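Dropping the structures in below, format is structure tokens.
Both complexes below contain chain A, partnered by chain B and then by chain C.
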Partner chain A sequence: MSKSGMLYVDKDTLFHRMDGAAKLIVFAVWTVIVFLFQDLRVFVPLFAIGLILLFLAQIPYKRIRLLVWIMVVFNLFNSIFTLLITPSYGSEVTGTATVVLDLGYNVLTLETCFYVLTLTMKYMSLMPITVLFIFTTHPTRFASSLNRIGVPYKIAYAFNIAFRYVPDLQTEFRNISNAMQARGMGFGKGEGSMRDRVKHFISIAIPLVQSSLHRIEVVSNAMDLRGFGRHQKRTWYSATAWRRADYIIAALSVVAILAAIAVRLSGFGRFWYPFS
Partner chain B sequence: MSQSKFNFTTKTVVAIGIGAALYGLLGSISIPVFTQTALRPAIAILTIFGAMFGPVVGLLSGAIGHIITDLIWGGGTIWWTWVAGSAISGLGMGLVFMKSSFHVNEGRAAKADLWFLGIVGSLAMAIGYGFSSVLDIYLYGEPPVKMFAQFLWATGANVIVHLVLGVPAVAGLISRNRKNSNLTVLK
Partner chain C sequence: MTEPIISFKNFSFQYRSLSEPTLKDINLDIFPGEKILIAGPSGSGKSTLAHCINGLIPFTYTGTISGEYQLKGKRPDELSIFEISRTVGTILQDQDGQFIGLSVGEDVAFAYENECMPTSDMKARVESALGVVDMLPYMEHSPHDLSGGQKQRVSLAGVLSMDVDVLLFDEPLANLDPASGKHAMELMEELHQQHKQTMIIIEHRVEDVLEQPIDRIIVMSEGRIAAVGTPDELLASSVMHEHGLREPLYISALKYAGVRFQAEDHPSKLTELSRRADVQEKLRTWLDDGDRGMNIETAAPLVSMKQVRFSYDGEEDVIQGLSLDIGQGERIALLGNNGAGKSTLSHLLTGIVKPSAGEIYFRDERINKWSIRRRGKHIGYVMQNPNHMITQQMIKDEIALGLRMKGLPTDVVQEKVEETLRICGLYGYRDWPITALSYGQKKRVTIASILAMEPELMILDEPTAGQDYKHYTEFMDFIVDLADRGMSFLFITHDMHLALEYTDRAFVLHDGACIAQGETSNVLTNVAAIQQANLKETSLGVLAREAAIDAPEAFVRRFIQHERKGRRS
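Moving on, here comes the complex of A and B:
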């Protein structure tokens, strides 16, 4: 995580050149489309397209490896959890029951397994586009694009500050934690009871919060001195002009969302179960 | 100097930013209690920032902070429904700021105010995460029974952190600030 860019990977591809606001529109449209449907036949192509886009954006796998693993573990736990708590939910949705396994308190049905698979793919199909967005958009440019799509600039700037100060606070957190560990406080597993570890955590949190409150004073004074908030509008150093590609992609996104809504209204896209 | 409590000053902007960064950063730390349930100390940040800077800062730093947590630890997905939950929680924790008898920086607080913070904050979390769970059912199609279990666990764990870490931290900040202004007027 670099100081200025957080997760941002600097490359020169179509996605990096695109304006943040256009990417934000694609991202929003994609998310809404995924929310609209509950159909594996929608999610698998979306996931595949997402992967291709991700490949084209030349994001090194090394950078996203952790995210991929978190996603895999999340889906695994979420699926097991769903299967254990509501093993026959899929049958409630489809109205058919194909028993796979008798769990005693309930029966696990094939419909539920398929439902869980659909749900997993639903989550997976959101992943590539999110990764694409966060890894190809510089936080400062992200703030200016938020402003462009209508978010008040003070809120957009708050986003900017938040991203800017995560690495700083992380360093601060590490310093305090090291200082406390040098005094003999343990935070890891087996370094004290639950109670002690919670207590030790507080001993980091208090100085961290205090120094953050101090930082708020310093930063807001510095911004006031430079006239922040004096005017109703603000320009951004990092703002880019929309190019033809941006207009085309934004227009395509609007078409896609309208088409998706039309398809959804025609009745397609409720939970799809092929074996009934 | 009397100012509207909703005034969007530079300090508000910075407080939102820093609060979100803190919430996002600490959001990655969790103390596992048992499977799928963890105490997330980050909630206390919302309590503190809500009480100190008000509902607007609570709402926005909850939302932005949650987005940051998800960017780092969300597995490449932003869980918008739970972003909404964090935002509503932050809003509720900031409501105490509206009371005239409560002011953290001046070290003023009636005992009832701290109760107010504890209870309204907890209620806001119940409402916020309830809202998230309902959205999860409708937007993602999660089974309602499962979401209800998840809702109870998430809310329970966060209410505990709010009451055990957050409210005492605010009380501590108030008493610390009171010491700095212990001048009394002789009659």
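Moving on, here comes the complex of A and C:
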């Protein structure tokens, strides 16, 4: 977590300069394309492009390490369980069966292995762009651009506030758990039975929720006292105007999604298996 | 005479959830351009009065109102909270809560945004507002990079940006270290000189507010206005003392020394009195009356730190080779500015962080590697914010929590809980839900919950924050009793009064190193160390110097002896 308490990393690159709404469009189009296809020949290039973009955004790896690892581990588990639970699913899709291993209850087929690889790459191709979006979008600027594309400003502002207070909540959690440990509550290994430890974690939720509620009261009073919600509209101090780059990228995104739909409708992009 | 800007007539208010009115029979006129201090112990209704003025009552907190309140000749129900907010600007006590934007500039612009001002006009207005409070270089900074005092300045700029007629400060000194508090008061006076807005300051730290000119003080007590007058009038009387407020220390000292003064003697100005020969004479006689010197016996160390170093990032040491002994039954004040390393030091003692070099001993055992839990049996830690510690619904259960964790039998737990409740003056509340308590009462509950575990050393982080003088005195007296029974205390505090009156030794931290330590009265009259650590010289020291007394620390000691004798008898 940064000292500023935000996920946002301040740098001056194309992605940082891009308007939040334009970025949201890119992100949405990217996601839709990924879910339209089931073809490794689409995912690998997307993943590669994503990585290059991520590299260009100059986000220090240290900052995104945790998120990347969470995604990788999730992906691994997903793959392993798919292989174990439905080891011959790939064959149902292709109609061919090349047995790799006899698991006893079922057989693992090469088709399934390839299917899982495709699935993994599908999720992996979303990873760079997600990280890029989260770490290069300033919460308030994002809120202001959401507001401009038609989202009511109260909802847009809620995003901003959420981003603002999540890191504070983490600090608070640590404080409370320290205080509880000093009073003899066990959270770690060997400090009580599993049941007790879980119970202890749950008991922290109470002060955490209470302090959040208190904070909400204070913040909402502070906002009221400074005129939030007075008018139907509001302006934004950190509003960014759409530049030429934003229009071009948005236009390219629209072209890309239309092209992808056309390609998909022509029949390309179902599960691709090269060895049949 | 001009029309009052704020006018209460026979005004009462009762929160919907409470059975008794919080404000009773308020009659008060505040005129444009006045600078007013509203003082009173916690629960006196001063915050509720502030809510009435800024419109949170009746718009956010509902209840029954009787009588009349008018703001600029209008009743609040004829207005909206937004219209009120254009007349009354509030600076909240909780600066973190008040800080809404993600950067300084954005936060100041918040009100402009809500007024739909075009973005291009905002920048210039934000710059000029930040210029007024001297925060312009910080425009792009995020709130996490700012100190409490700086956050308050930003809040002030945000409110100033609205061109309000009334500035309302809700406990502006509560979270500031002494020197920052002093700066805040100076800035407020400067603004008042320039813009002549009406200023209303809600605060129970009377002495700190009175360092700058105030037109009138309103003393609140039990929901009523107990007294109204100029600082000179009220200081010459005993009304503050009677209503559980701490009068300035130098005023108490003068009164103890038998100096008589009236409002005409201008007691609000220390030097007016200290220069008078008759006053100096009385002070000297009083000083000579006292028994000389206080001998501190050096107790065997209970906890000691030897050359401890600590760093969060492995590069910069936050604690730089610190050595400290805490004797059995000692009461020690740990003083220092925000960011000096006070919290880190307490984290080192409680095991939340481990030293990167050096040793920590408990009695004769090295405890560097002990877990938080293991140390918790001997070293109790009461955090500043009670909401970080409370996990149970009922007071009884909260206090029993640590004892149950120890696995004590039910009847023993019950017995200890009841005893602790009695000692802490919470017995009457034992079956109350914790949510029904005030901040100060919650703080007591957290202290009680640690006390019940009978640690040998108790670390209290800002124990008096949010407590008024009356409760604080009761509470601290009770801690003195515990210390006499052999328990040790380490107070992390900004409160000079607390250090002075209740601790034997003081320890001043600055940039992770100790810059002064020794007997508290000596440390607090060490002007160089005090300035370096962003503390403030007490008015006792100033009085002694101004009255040409040779040994200010002896004068301070004399004062403490007098107070302790007064309390014990």
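Side notes on the structure shown:
Simple rule for what comes next: the second predicted complex is superposed on the first by the 272 of 276 C-alpha atoms of A that agree within 3 Å, B and C clash if a C-alpha of one lies under 4 Å from a C-alpha of the other, contacts with A are read in each partner's own complex, and residues count from 1 in each chain.
In the analysis below, a residue touches a chain if its C-beta (ideal position, glycine included) is under 8 Å from a C-beta of that chain, and two chains touch if they have at least 3 such contacts.
Remember, it's a predicted structure, so these values are computed and weren't measured experimentally.
After alignment on the shared chain A, the placement of chain B and chain C results in a side-by-side fit free of clashes. Of the two partner chains, both chain B and chain C are touched by A:164. With both structures placed on the common chain, the touch criterion links A:206 to chain B and to chain C. Within the superposed three-chain model, A:223 lies in touch with chain B and with chain C [touch as defined at top].
In the superposed model, A:191 lies in contact with chain C only, and not with chain B.
Of the two partner chains, chain C is the only one touched by A:176; chain B is not. Of the two partner chains, neither chain B nor chain C is touched by A:103. Chain A is touched at more residues by one of its partners, and among chain B and chain C that partner is B. When the two structures are aligned on the shared chain, A:215 is found in touch with chain B and with chain C. Look at A:238: by the touch rule set out above, it reaches chain C but stays clear of chain B. Shortest separation of chain B and chain C in the overlay equals 6 Å (C-alpha atoms, whole Å). When the two complexes are laid over each other on chain A, chain A has residues 6, 160-161, 164, 168, 206, 215, 219, 223-224, 228-229 in contact with both chain B and chain C.
By the touch rule above, chain B contacts chain A in their complex via residues 8-22, 24-26, 29, 31, 36, 39, 41, 44-45, 48, 52, 60-61, 64-65, 68, 71-78, 80, 139-143, 145-146, 149, 165, 169, 172. Residues of chain C that touch chain A in their complex: 54-56, 59-60, 80-82, 85-86, 89-90, 92, 94, 96-98, 100-103, 105-106, 109-119, 122-123, 126, 142-145, 158-159, 162, 347, 350-352, 371-373, 375-377, 379-381, 383, 385, 387-393, 401-402, 405-406, 435, 449-450, 453.
On chain A, the positions that touch chain C within their shared complex are 3-6, 138-140, 160-161, 164, 168, 172, 175-176, 178-186, 188, 191, 203-204, 206-207, 210-211, 214-215, 218-219, 221-231, 233-239.
In the complex of the two chains, the chain A residues touching chain B come out as 6-7, 31, 35, 38, 64, 67-74, 77, 81-82, 85-86, 89, 118-119, 122-123, 126-128, 130-131, 134, 154-155, 157-166, 168-170, 173, 194, 197-198, 201-202, 205-206, 208-209, 212-213, 215-217, 219-220, 223-224, 228-229, 271.
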